[in-house]
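The next block holds one structure in the form of structure tokens; read it before the comments.
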Amino acid sequence: MERTLTDTIHVINPNSSAHVTQAIALAAAPFQAAGRDVICVSMSDGPKGIETETDLQDSVPPMLRYALEKETEAAAFVVACFSDPGLFLLRERLRRPVFGIAECGALAAMLLGRRLGVISILQAAVPRHLRYFAAMGIGERLAGDRAIGLGVAELKDREAMFARMVETGQILKRQDGADVILMGGAAMSGIRASLEHELGIPVVDPTQAAIAMADGFTKLNRPGNIK
Amino acid sequence: MERTLTDTIHVINPNSSAHVTQAIALAAAPFQAAGRDVICVSMSDGPKGIETETDLQDSVPPMLRYALEKETEAAAFVVACFSDPGLFLLRERLRRPVFGIAECGALAAMLLGRRLGVISILQAAVPRHLRYFAAMGIGERLAGDRAIGLGVAELKDREAMFARMVETGQILKRQDGADVILMGGAAMSGIRASLEHELGIPVVDPTQAAIAMADGFTKLNRPGNIK
Amino acid sequence: MERTLTDTIHVINPNSSAHVTQAIALAAAPFQAAGRDVICVSMSDGPKGIETETDLQDSVPPMLRYALEKETEAAAFVVACFSDPGLFLLRERLRRPVFGIAECGALAAMLLGRRLGVISILQAAVPRHLRYFAAMGIGERLAGDRAIGLGVAELKDREAMFARMVETGQILKRQDGADVILMGGAAMSGIRASLEHELGIPVVDPTQAAIAMADGFTKLNRPGNIK
Amino acid sequence: MERTLTDTIHVINPNSSAHVTQAIALAAAPFQAAGRDVICVSMSDGPKGIETETDLQDSVPPMLRYALEKETEAAAFVVACFSDPGLFLLRERLRRPVFGIAECGALAAMLLGRRLGVISILQAAVPRHLRYFAAMGIGERLAGDRAIGLGVAELKDREAMFARMVETGQILKRQDGADVILMGGAAMSGIRASLEHELGIPVVDPTQAAIAMADGFTKLNRPGNIK
Amino acid sequence: MERTLTDTIHVINPNSSAHVTQAIALAAAPFQAAGRDVICVSMSDGPKGIETETDLQDSVPPMLRYALEKETEAAAFVVACFSDPGLFLLRERLRRPVFGIAECGALAAMLLGRRLGVISILQAAVPRHLRYFAAMGIGERLAGDRAIGLGVAELKDREAMFARMVETGQILKRQDGADVILMGGAAMSGIRASLEHELGIPVVDPTQAAIAMADGFTKLNRPGNIK
Amino acid sequence: MERTLTDTIHVINPNSSAHVTQAIALAAAPFQAAGRDVICVSMSDGPKGIETETDLQDSVPPMLRYALEKETEAAAFVVACFSDPGLFLLRERLRRPVFGIAECGALAAMLLGRRLGVISILQAAVPRHLRYFAAMGIGERLAGDRAIGLGVAELKDREAMFARMVETGQILKRQDGADVILMGGAAMSGIRASLEHELGIPVVDPTQAAIAMADGFTKLNRPGNIK
């Protein structure tokens, strides 16, 4: 297969945390191993993290600047934040397809189970997710969306965080009837397999889902983008 | 009734067109006549008009600046654009309640009919509206959302525009089964009554719906805002 | 603002219990304080309380007689019973708009949260509520509707009742995922603020929601009523 | 099979029109031919016809009086009006099961097609039907509900009425995608077969559907009723 | 009533277990007592039991052979397996109406309660049921579908199985809000009444529901079948 | 990238028509061009074409035999028939992931538009599609599913067929509000681009969608399959 400049998928971490981008890069690794060019990039002028509506608003201009600059050399863009900030704006502005990890993650989870349980980090994000899944018209597939309910300090304790994710996943599975788990964040690729092992039902990494869809879509030689 | 500084409802036209703000002011007039202080204001540093996702994104910072500046002296804010840009961000940032005309207009229309027909200006806005009404969980109440399909030049011909609105409303009523019409724009107060007369079913002005809800809510002495 | 005879909102308690009407009057107080004429009235020939389908049926003729008698001097009517008895009949018969507290309460709650938790008094009313919210097309917004499950004797113990409401609200919040509570009864205005304080999420008084919507609607100089 | 006094199904025409009851009797004939005792009865003190919300309200007390009087000797009751007036009240008050023709007709139509087209007599009944089917949670199965739009005078012209029903059925089939038709009235048994022949898709007589369900249910020796 | 050869309803147990067919026969007994000819038959060349997708696939050819052979002498067929295997195929191939116990059971349960709780035997069947109820467009009526979670050995202990069904029914009632229970299997007629007694809400035997609908439908002298 | 024996995606045409398989192969070409091994294969012992429920039932055993035989050397299987016959059975039996073109096509279309218009070949397939999309929980996203309504003879006239597809697509777009078209068949890859050009909205080839998802999924090194 001949490579061209526009073979590369750009996975944009809308925030400026390099360690988040490193975690995102784990999601890209299998595609890179299979020969696909994937670049994972932080927005140095983006918010430090994306927790609030304000962060979401502020994350868009840096992503747009980046994407416009890379447009001619990119095959596709992935917005690697579970609230899919700027997704429709980027689709409007770019001649390349743009994929959001929440949208793609939910669609991929629909292939693996009947009722989706979403593990979110922050409780404040839950109503936003519910609106988004409802806007996608897939609310009926949602078993529940539950936040792990940890403070920022506790999030740094990876073991405590993983324990809470297992606990939350069990509630989604047993009480809410989820038979597939969608991880509600961009930087969780590292624990997908362990979580799946603990819960005994499939666990979807939304960033991988989005890269996979970008990978497939860009092979179709479609001239256009996603409007 | 004693007035206080915080009795005023600020209706924000997110764009910079003074003539749009003048049209919006027609919606406020009955409330002012009933003794309520209502200020309708253009964002001079906002987009000229709001048609695209980019316009929506760009309209938020000016509104936020304005609202933060007026926060202590305002009773409530109304975002007078049918895509409710920045609604959840403003609610997050302000200690005053914030109302969006699309959300309030749809809720008000639900009181007046079983199946809502939305008359939109631009075809490109329709999928965004559909996502929004679905996010509100009221998609079942929607008979249809149809754009009048006029170019910018034609929009200036008020008679042609009104004729197209009547025609679109008739399709929504007869073909799609709408029994109430929601006007999908902020600056249409001037034609609500005429349109209702022509169509023979209730027509809702979303800006009036939002001002009415702001008016009512702010009388309840609730300390908080809408989160 | 000039007052006319038809400025008055009539809030109809369909039952004959004066103490319920007194409780309802608490909901009207903020609107009266803001200068609106609101009359809260019991139906002396209505049922003693409204618990059964029979009570609902029997509550309509007295309300209709009252409303027809007051029609020329009323701005609007509010039916202050959470099953909205006779709502569509009154709209059919009267030239004034009529508002039901269940319908308006649910619409108002949709402004304050994504998932509504309804606290009902009687278990027997729950399926009726579910049918009603489904008829409104908003079932997707409902996190749950749970009855406090107290006998009549226990209802007189206000402290026990409040404790059960807090307990039920906590289940709706924690187990069912409600982020806004709708009180499923007409005479609960007195405890709204306390309940909100205990639960930590907004609590909506449906009677206030209906008066607010009546207040706003009647300022619009619309000739018609709600059909 | 031994007969007992309580073998009889009472089909109640809530209005006082004997000719409507005669038409309803056609629906019962096949069950009588199969050996079931079915009585079709007019309510002489009911409304002349049931068109409005007021008619619906007024139709309940006569039905309740009749049913209470016949309770010990009836196997079941059928309310033969397409708005199912008093259905839940009668269920609450009687120790016998009660069936409504709208509810049973819709459930039966769900066996015969994927998308239901309802032919209604009056346009004013359509929103009420939509609320009812939504309350039943089956709105997704509804292709459309269209009224034949004839005045009272024209309804007496049976040929004109049949022609309009065929025309309305064709719109439901071709434009709205209905693959089964539910006749939205109690007294249409006489034309079911002809209509089905003209339209080429199954046509359901709701009165027959309700009698069939009453017939089946009452064979199960269940002690209780439908609550 | 004159009997004809085609008065008989054939209830097909798609598997080869005679004891399951005996249990199914209990469902038919009340209809036989009322004078209806009902034959309950095992498929000797069908799977031993129906648990997997493979069993479902394999169960269809024997049923089709049987039904084609009996077509001229049958009034209707009932597929007595809660996954309704081959339902649409049999409808396509036969000139007699065919009823599935899952479809009919769910429709019957909709008459007896607002929110259906399904007690399933195997956890693996739950997603299939959820897809089926969603395909029927009645997902909104489902409170929950929970498996009793017993191994094959434990299922033979009828007391342990009944205890688990009561326990599962209580969770569906109390936690999920079910007000009617649908037994998710064909051979449970023997315990319907006991389970209803224990749970205090109606319990539906789907096989009886299907026989009742077959019984009623075949009295209507409709020439055709269900397509 | 190192190739292994299990790199190959097997696209199964469940029928025995070689020319259909040739058409399917067009969908695979871009993936093969990008380096992926894709085999498109007819089932010589399958039905000649798949039109009926019987064809669907009969198509499963040959696919299962084929897939079991190829299991160790296949990366994934695609069922290339728009009714996804045997999808859940194959998932149950195989240790490799299995993708259906209807499921994947619909999910892919959800990325490209808000309201899906499905162009089906046969009218008889429409209710089956509607049940399937409802089972997927995405009925809300469906603008319509319309058959081109051509007889078998006319289908051979490719120009007439294309003209009817354009015509049907226009109805879906203009009357039903579709903004993305999903081709409801396996062998249409050849006309996707032309149809998209004519209609002016994206057109999805479901076979390509399924191959793309299989391609992406199999790069993730997940041990399991889709259950």
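For reference, chains read A, B, C, D, E and F in written order, and residue numbers begin at 1 within each chain.
The rule we apply is simple: contacts are C-beta pairs under 8 Å (C-beta built on N, C-alpha and C of every residue); 3 or more make two chains touch, one makes a residue touch a chain.
Since the structure is predicted, the reported quantities are computational estimates derived from the model, not experimental observations.
With steps allowed only between chains in touch, the distance from subunit C over to subunit F comes to 2. More C-beta pairs touch across one of B-C and B-F than the other; that pair is B-C. The copies subunit A and subunit D differ by a rotation of 180 degrees on their C-alpha atoms, rounded to the nearest 5.
Interface of subunit E with subunit F: the two copies contact each other largely through the same residue positions, with over half of all numbers used appearing on both sides.
We define each chain's centre as the mean of its Cα atoms; on that basis subunit A and subunit C are separated by 43 Å.
Between the Cα centres of subunit A and subunit B there is a gap of 33 Å.
In subunit F, the residues that reach two or more other chains under the touch definition are 131, 134, 136-137, 139-140, 175.
Chains touching one another, given as pairs, are A-B, A-C, A-E, A-F, B-C, B-D, B-F, C-D, C-E, D-E, D-F, E-F.
Residues 126-127, 130-131, 134, 139, 144-146, 175 of subunit A are the ones touching subunit C in the complex. Those residues of subunit E that touch subunit F in the complex are listed here as 52-54, 56-57, 60-61, 86, 88-89, 91-93, 128, 131-132, 134-137, 139. Across the complex, subunit A is touched by residues 113-115, 140, 175, 177, 179 of subunit C. Touching subunit E in their complex are the following residues of subunit D: 1, 30-31, 33-35, 99, 103-104, 107-108, 110-112, 136-138, 140-141, 202, 208-209, 211-213, 215-217, 219-221, 224, 226-227.
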